[in-house]
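Notes follow once the structure below has been shown.
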Amino acid sequence: MEFITMIINGLSIGGTYAMIALGYTMVYGIAKMLNFAHGDIIMVGGYTIVLFFPISPILGIIASVIFCVTVGIVVEKTAYKPLRGASPLAVLITAIGVSKLLQSAAQIFIGSESKGVTVNLGEIRMGEIKINVLTLITIACSAAVMVALTLFVKYTKTGRAMVAVSEDRGAAQLMGINVNFIIMITFIIGSALAAVAGVFLVFKIQDVGTTFGAMPGIKAFAAAVIGGIGSIPGAMVGGLVLGFIEAVCGMVPALSPYTDAIEFAILIIVLLVKPTGFLGKKRREKV
Amino acid sequence: MAKFIDSVKKRIKAMFPEKIQRKTIESDYVLETESLGISFGGLKAVQNVNLKISKNQIYGLVGPNGAGKTTVFNLLTGVYQPTEGTFYLNGEELRGLPQEETNHKGIARTFQNIRLFNNMSVVRNVMVGLHNQEEYKCSVLESVLRLPRHFKVEKEMRERAKELLDIFGLLEERNNLACNLPYGKQRKLEIARALATNPKLLLLDEPAAGMNPHETEDLMNTIRLIRDKFDMTVLLIEHDLKFVSGLCDKITVLNFGTVLAEGTAEEALNDPEVVKAYIGN
Amino acid sequence: MKKSFKSFAKHYMNYAVIAAVMLIFTILALATPMKASTSLLFQKITVAVIMAVSLSLVVGFLGELSLGHAGFMSIGAYLGGKIALVIIEGGDLEASNILVFVLALVIGAACAALCGFIVGFAALRLRGDYLAIVTLAFGEIVRVIFTNTSSESFGGALGLKSPSFSMKKTYILVIIGFVLILFTLFVIQNLLRSKAGRAITAIRDNEIAAKATGINVTKHKLMVFVISAAFAGVAGVLFSYANSPIKADTFDFNYSIEILVMVVLGGMGSINGSIISATLITILNDKLTVYLSGDNAVFKDLFYALILILIIIYNNAPALKGFREKYNLRNLVNKIIKPKHDPSAVRDDAARWDVVPTKIEMNEVLSTDLVIDKVGRGDDSADIRERGGNK
């Protein structure tokens, strides 16, 4: 019984991480930058749903997606675009600056005390197992998102252009692909996924503060790296791996305070054994 | 999943390389390779290469693109480890040594795409090459505590580096950043740095690539000068057949990773097999 | 004689400046009662400078990105502080006993160095972003472990009550801090301006060429990580004496980032730049906290973030390149100090360090998603097949 509960929990946590990790991995693959502000987009999404929830939950979800996408575009255009072609480290530091900026802006507009919503969609009973409906929705939704994204990348023109840009930006540009547009699309998709993940996190944790997105952000980054950063299926695999570790640790009282440490330790071990993550491509410098 | 476990096994094995028993043989040659070969997966990139290079020879390795010339260099410098065969430097087997130790044993190289320490000055580039010489030994502790030895060694290394740069006509540029040198001088600096490691065998990977006829002529003289002045043995890869036939005492022609012909430049380049490989039927 | 003096002055200027500041501080502290806040600010600066200089060794000179530098500091702070506490309580000594402090320093530095050695091993196999996430993970692991310790061992979430000097003697800690900065500078600067330093920068510039030139990459990388971690440990012990109780959350990811920002803004590969920017950023942070109190406190982070973003964009945006080259501080300084530049007058030792910049463009760090590991022990066939049989 416990085993099944654990699997379901793992899927739901892992699905959420995977959605965030997809944002990291796509931005990394296409814009070649580590977007440390990604975690704070989750926070923006979380706050928006909290504000709009009393009016209408559905409206709240739509609003948070729209708002996150707007923030994503604005950040990309104002902070990252001027630095295109500059060094990755400069972009990384800017992303850290943006992350702090979003956190402090949220604090100014909303205040420092954390807010939350209460969602109860009831439970489904199957014999002795009780499953929260919300958990099921999370799993279904993240699975749908992943399938949709995979199909998008594989079968649409824009999706294939994304793959081309991630392989070789210069060559893609020569083939007539508008690289700036593709990067913007990437940020839009990433931010929308972060918004959805933010909504699910709010429903689960029911408590939003300004640093609400930081830890899930870092863990999703870890998930992306475990799976092989730059690889879309890799982000899913990495997210699920972390989700299951967290679910297992959650069931063992002795381990639960050390959950984060265990996750990061597994990250280090995976990287030491396979330096590019599970599904990452190895690019070797030719001598 | 099975593939992943397989690759993990390989990685773990790679972390603990097996001890290789290296032997010493009697050899009259500076470099002797014994059916040297490597395969990547199923692909045999290089196989059955037997080179015998005598002292003070300038030896050419030629062949069409993708013939495996640079792979041979990578095998000889420890970038790749051979899957078949072995090689000896002055009779000492060097198979399985990491890159830096291959260099300590006496094989230095340059690269096809120039690899300098771009953000360091020209003279410091050469001083890096002098790092491991016995006479410039100075421990980290001595340096940090600024004991007299540190100053002495630094001064001597600088003098030696300047001597080397003088030979290559780079003395004037010694305080420039390496990346600011013109192309031809970058090539020369790379050779100077390789020579600074005091090798017994110098490997030059396409030294004349991208040079105009005048620069090529200049380079030929430089290579001869290196041989005479440093008592050096040189193995070089080159596409420019005029360059090769004008300079090399002996050449080996590679195609698809196997030896096609060898001998003096004239003999080897007129070999019907070689003509076929280059021009077609 | 004059020439050698000039070169001497150039090389050791930073010691002189720091010693002068230390002297002025000491005189002021002894002559007038110093405000606690001033003393605290100086104390923060000393810790930040040691952290920035030690991180600059890894990021600016070895060219690897570390996002877990605070983790090493944490280890130094906790283990050094705990040892000092045990000795002081066991021997019934005064908290300001200098010998105990020195012992704590040595032990804190040694423990941090040991961890640096372990992280250094990861650095042998990983590069760029992958190494960055491993260092980040290391920092977080350290934080989680110290947070979950029992209250008897390391205080757990409540923090470790570390030995501290009495309020009146805080200035002594600042003076010790200055001495430690000088020591850090002595070791790291001398290391970099020697054979080993040349090897380290060679590895940064081109690892493959460094190997082919006979540089032992393993040894030098491990050395850099160990030394850098050891000095972070030193900063940690200093911190634990100045702050009681110390909490693991202080040394989180954000703190690592703050140090990294200091190094980056100071100019990669410039020790003096790191010292200056660590000082300025710490002062800026402190002043913003003072002026923006109460309701305005929230604006502090906003300003900090904005300033950071603007500086980075100004310094790095490709579109602003022409503007930067025309109007920058160096040109201004050159205009004032050196009226004309005569290339023929470049002296022999001009390449010794300061005239020829060893600064690297930022993109040399982190630009590589390549993995250069011990290739080709015949074990990499799978990976090569992934690239379509390319050799």
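Every chain is named by a letter (A, B and C) in the order it is written, and numbering of its residues begins at 1.
Here is the rule we use: a residue touches a chain if its C-beta (ideal position, glycine included) is under 8 Å from a C-beta of that chain, and two chains touch if they have at least 3 such contacts.
As the structure is a prediction and not an experimental result, all values here were calculated from the model.
Ranked by how far their CA centres sit from the centre of subunit A, the chains are topped by B. Chain nearest the geometric middle of the protein is C, using mean C-alpha positions. Here A-C and A-B were compared by C-beta pairs in contact; the pair with more is A-C.
With centres taken as mean Cα positions, subunit C sits 38 Å from subunit B.
In this assembly, the C-alpha centroid of subunit A lies 31 Å from the C-alpha centroid of subunit C.
With centres defined as mean CA coordinates, subunit B is found 47 Å away from subunit A. Of all residues in subunit B, those touching 2 or more other chains are 7, 11, 74, 79, 111, listed in ascending order. Residue positions 208, 361, 364, 375, 383 of subunit C each touch two or more of the other chains.
Counting partners per residue, subunit A has 287 as the residues that reach two or more other chains. For subunit B in complex with subunit C, the touching residues are 3, 6-7, 10-11, 13-14, 17, 38-41, 43, 45, 71, 74, 77, 79-81, 83, 98-100, 103-104, 108-109, 111, 115-124, 127-129, 131-132, 136, 138, 140, 143-146, 150, 153-154, 157, 174-177, 193-194, 196-197.
Contacts from subunit B toward subunit A in the complex involve residues 4, 7-8, 11-12, 70, 74, 79, 111. Note for the complex: subunit C touches subunit B at residues 186-187, 190-191, 194-196, 198-199, 201-202, 204-206, 208-217, 223, 269, 346, 350-351, 355-361, 364, 374-385, 389, 391. Within the complex formed with subunit A, the subunit C residues making contact are 65, 122, 125-126, 129-130, 132-134, 136-138, 140-141, 144-145, 147-148, 208, 253, 257, 260-261, 264, 268, 298-302, 304-306, 308-309, 312-313, 315-320, 361-373, 375, 383, 386-387. The residues of subunit A lying in touch with subunit B in their complex are 273-274, 278, 287.
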